[in-house]
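Here you go, one structure.
Going by the order they are written in, the chains are A, B and C; count residues from 1 in each one.
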């Protein structure tokens, strides 16, 4: 199953994924249109501060088994078998709050969303299943310029990387796995500033 | 990797661009379209005006979808953030035009002080008229003395002494009354810009309406200040434009001659270069290196200045500036300032082209810098032209390709020229408008922007407007687009509606009149003021509109604001970064009408924009009882 | 293999599905004494209030090819020797594996007249339908006896239908078994705002009436009689252990199970509201009669019945209650007994009311009460995941008393999702497995 992998160490906190997500779940499908929709479409990915005030894009992991699905009394949460995505059926949602309570990642919100005007329902990441049907990657991944969000089969991504590593190590190109992750200097410097900020304490 | 020419045609409606976009990619040259693509997706917060980098408590953003922060660290909400950003755009645009204007005043001052060899007051009549307008006693004074006095008086306009700019008086009393009531009479060119920067500092002006009102004032300090001075003094120093014919598009570059490109906005340097290329010694030198002669070609608004006054051919507008270099036939590009993409020296470096910067304000990594002053300009221009001639030898014949033929155009419609064409009075124009042969007039102005298919906004809008008997006045990049589309020859009257066609045929003019560079939008403002005065009405009552279908620059924002301040509703083809504040959007697109008699309309589709403009003009006509 | 599951609600359905996911040749029989196909019991309050259509009751049927649902079928006994479930009416049903998911029933009042037609529990679809019939038949006044979750939900639903509702509570605040009195009083205020009259210190002592109908209830204390058209039992639930008691285990505290949810009898498992599982907050066996625990236990028991060897990490009490503008979320121990407990309470306009309970600095309970969605239940999952993990307060990278988004859920969440269960880990690589060049 393909899903969105989060590489938090790459995130620069631009929150583009958040607005791209809201636009992808709007009627107009454009930024200029979406901000004038009523109700305004809600983002399903949430960028918040992590350690050292570095940013972390938080979104549904589509867990299996999914605690939210187990907690859902009207069976409004269901799994789309082809994509593995955990989805909300807004017509069944009774806004009881159980799924958010069960979600260990804190990624379910309750909104009158663009798709359910007038009714407050659980709103969460749907892995952009509609876009996937059109052969497109989720909107947050498409918009992420720094590679903090990646769409793919997590097992495949990890397997490919370990194969590449094994090949390189066996050829003597690299000495040790410590060589990954290779990050550009600009990012390293920025991260170092993050460490300094952390050393200064909260809000530093 | 070469792209299919069809793909390149998706980027530009012009005949000449696609071939060179294709060549650029074949040559491995990155262009504005590639960089535009690489910037996608653009930042949604910035796009909506909801990001603020003004102070170091930030940077801050406001989440347009209500999830995240709704205030910056200082407490600024969406309205304040958008207003500040917009205010600073206007300030930057006004500052740019005004600094350009000041350079002309300083040149005039140097002429007055007799230390600017080569520069003269080419139009003495205009010099005297302007001096009189500024309350200078012209009786028996030499033009050199008047130049000095006028320059002094105009320098005063930048500082704050008199309380209001002199050129305010060119506008009808009804309009001045509106400005007085709103407290937005411009008091000094530098002052308004400075005050805008002050107001938008954290913790100063936090009322978005108040900030926007000052935005109008700042913009008026451009339209009736810096820009208008720029236009008027360029006329004094280099001559008032008169109708003439010339050519346009990349075809004006002839591979067999030494080609010098002039790019930027200010005519002070380019006029001297234009004189230098006529130097017989340099022409002979060009023949000696194997060229047929020296070809001088303009780009952008420096190009418009040269075209208006000297009929020097125009190679292209903003998005063509890179492609011109890709022809491989340019031996030198001389630039002054504004809208000169930092990418140009790099592209020049891919060919043999020498890239010469001339202003101490505008330096470019990879350029050769030759600093021009009023004192050294005449001599330095000759030296630079000589270098260009010598560079002809470095051409790489395999890299040269000029894929199109030039198009003819008519140019030079200054206010004075228009009035002359009309027999010395605006009355025939007024009669044509009141009689309905001309429905109204629209200034189609502004830049190019890679967000819009190159020149499509200008050309399609203009074509539709003239079909509806709307006279189009154009400047800047829009003017180049319309000329390339063939709208600027008297025969283009055939494309116009029956009324406009008849007027154009009787006067022998095209239905689209070139009034100059982007500072020359003040010519349109001046003409609107003259028409309103002749009719004894407010400019807001006239069947006029402004349109900037492909704008990109902060200067365009300043222009749009002074045009709306003048009571002329303005149609934008590119969405300004204000959508993050529904209050400001509402004010700009609706509320302003009641306050200032005009508003902004955003309409990216040229066909719908044309319909909206025609409806707007018809509304104004109806209100006037026409 | 033949599987019999007694009870077709949360635990039973989850078990049936889990059995089929592990054992493709399973033959599952789901028994329910109710006349309806599987439905969602907690929705009866929403249905009674007419907030949802009746169709929402129905739950998607589990693997139709493998699972047979027998409605109106009551299991009367179990013969562990013959491995048979004895059905009411005399038939019996053989099993290889048996799951007791018999759930719970409304706690009785233990008063004479309790069998009257207008004295109801609030537990099943029948209860809701009878109440609905009574309302349509002209009932105007309702007394809800007991301020447990069932009582609060029943009172709120009846008030929504326009009845004069009095919620009579013996203790000094509603939900006294769920939250501390401070939080409970906020629920009482919210109920009052919704039109429910809340009386505390009211203990029913007698039901008065005639002709099989109760017309008034006597309360001592305070020594007052209240008239009524309807009486709803709202004192909470007790596990239905009748079958287990026949087998010699199980009592009013539920059926004891081991870490794999097996009962003391061979090949018999128990899950859901009837099972006394390990409680991670109390660190002791306890029945947690809540939907998420029932699903989780049913699924685990089902997989183990079909051959897996999984260990249940333990249950945790948690509840989400919505009354008007109020939203209350509670988890774990909210009213600690004497001992090494520490309670921290905050009340502020943006964070709402919050309580965390610590035992030796370990987070064991929390209450979050918000109004108008501030704070909503949205991020309480992070806090509850921390309780589930047994995190020490000092190790929390966020302030549990503040409503701040944090990536803390990251670490806790992963453990909560993967802990002791199968299935792929949450997709959160900690390294940078791809090594894409980003800044060129």
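Couple of notes before you dig in:
The rule is short, and it goes like this: a residue touches a chain if its C-beta (ideal position, glycine included) is under 8 Å from a C-beta of that chain, and two chains touch if they have at least 3 such contacts.
From a predicted model like this one, the values you see are computed outputs, not experimental measurements.
Looking at chain A and chain B, not one chain touches each of them.
Inter-chain contacts peak for the pair A-C, counting C-beta pairs in contact. The distance from the centre of chain A to the centre of chain B, each centre being the mean of the chain's C-alpha atoms, comes to 45 Å. Between chain A and chain C the centroid-to-centroid distance comes to 31 Å (mean Cα coordinates, whole Å).
The distance from the centre of chain B to the centre of chain C, each centre being the mean of the chain's C-alpha atoms, comes to 71 Å. In chain A, the residues that reach two or more other chains under the touch definition are 46, 109, 145. The part of chain A that touches chain B in the complex is made up of residues 14-16, 18-20, 22-23, 31-32, 34-36, 40-43, 46-47, 109, 142-143, 145.
Here chain C touches chain A in the complex through residues 14, 40, 42-43, 46, 51-52, 56, 59-60, 291-292, 295-296, 299, 318, 320, 322, 327, 329, 331, 373, 376-382, 384-385, 388, 397, 404-407, 409-410, 412-414, 416-417, 421, 423-424, 426-429, 431-439, going by the rule given at the top. Against chain A, in their complex, chain B makes its touches with residues 41, 43-45, 47-48, 61, 63-68, 575, 579-580, 582. The residues of chain A lying in touch with chain C in their complex are 3-10, 46, 48-51, 56, 58, 61-65, 67, 70-71, 73-75, 78, 92, 94-98, 100-110, 145-147, 150, 154-155, 157-158, 161-162, 180-184, 186-187.
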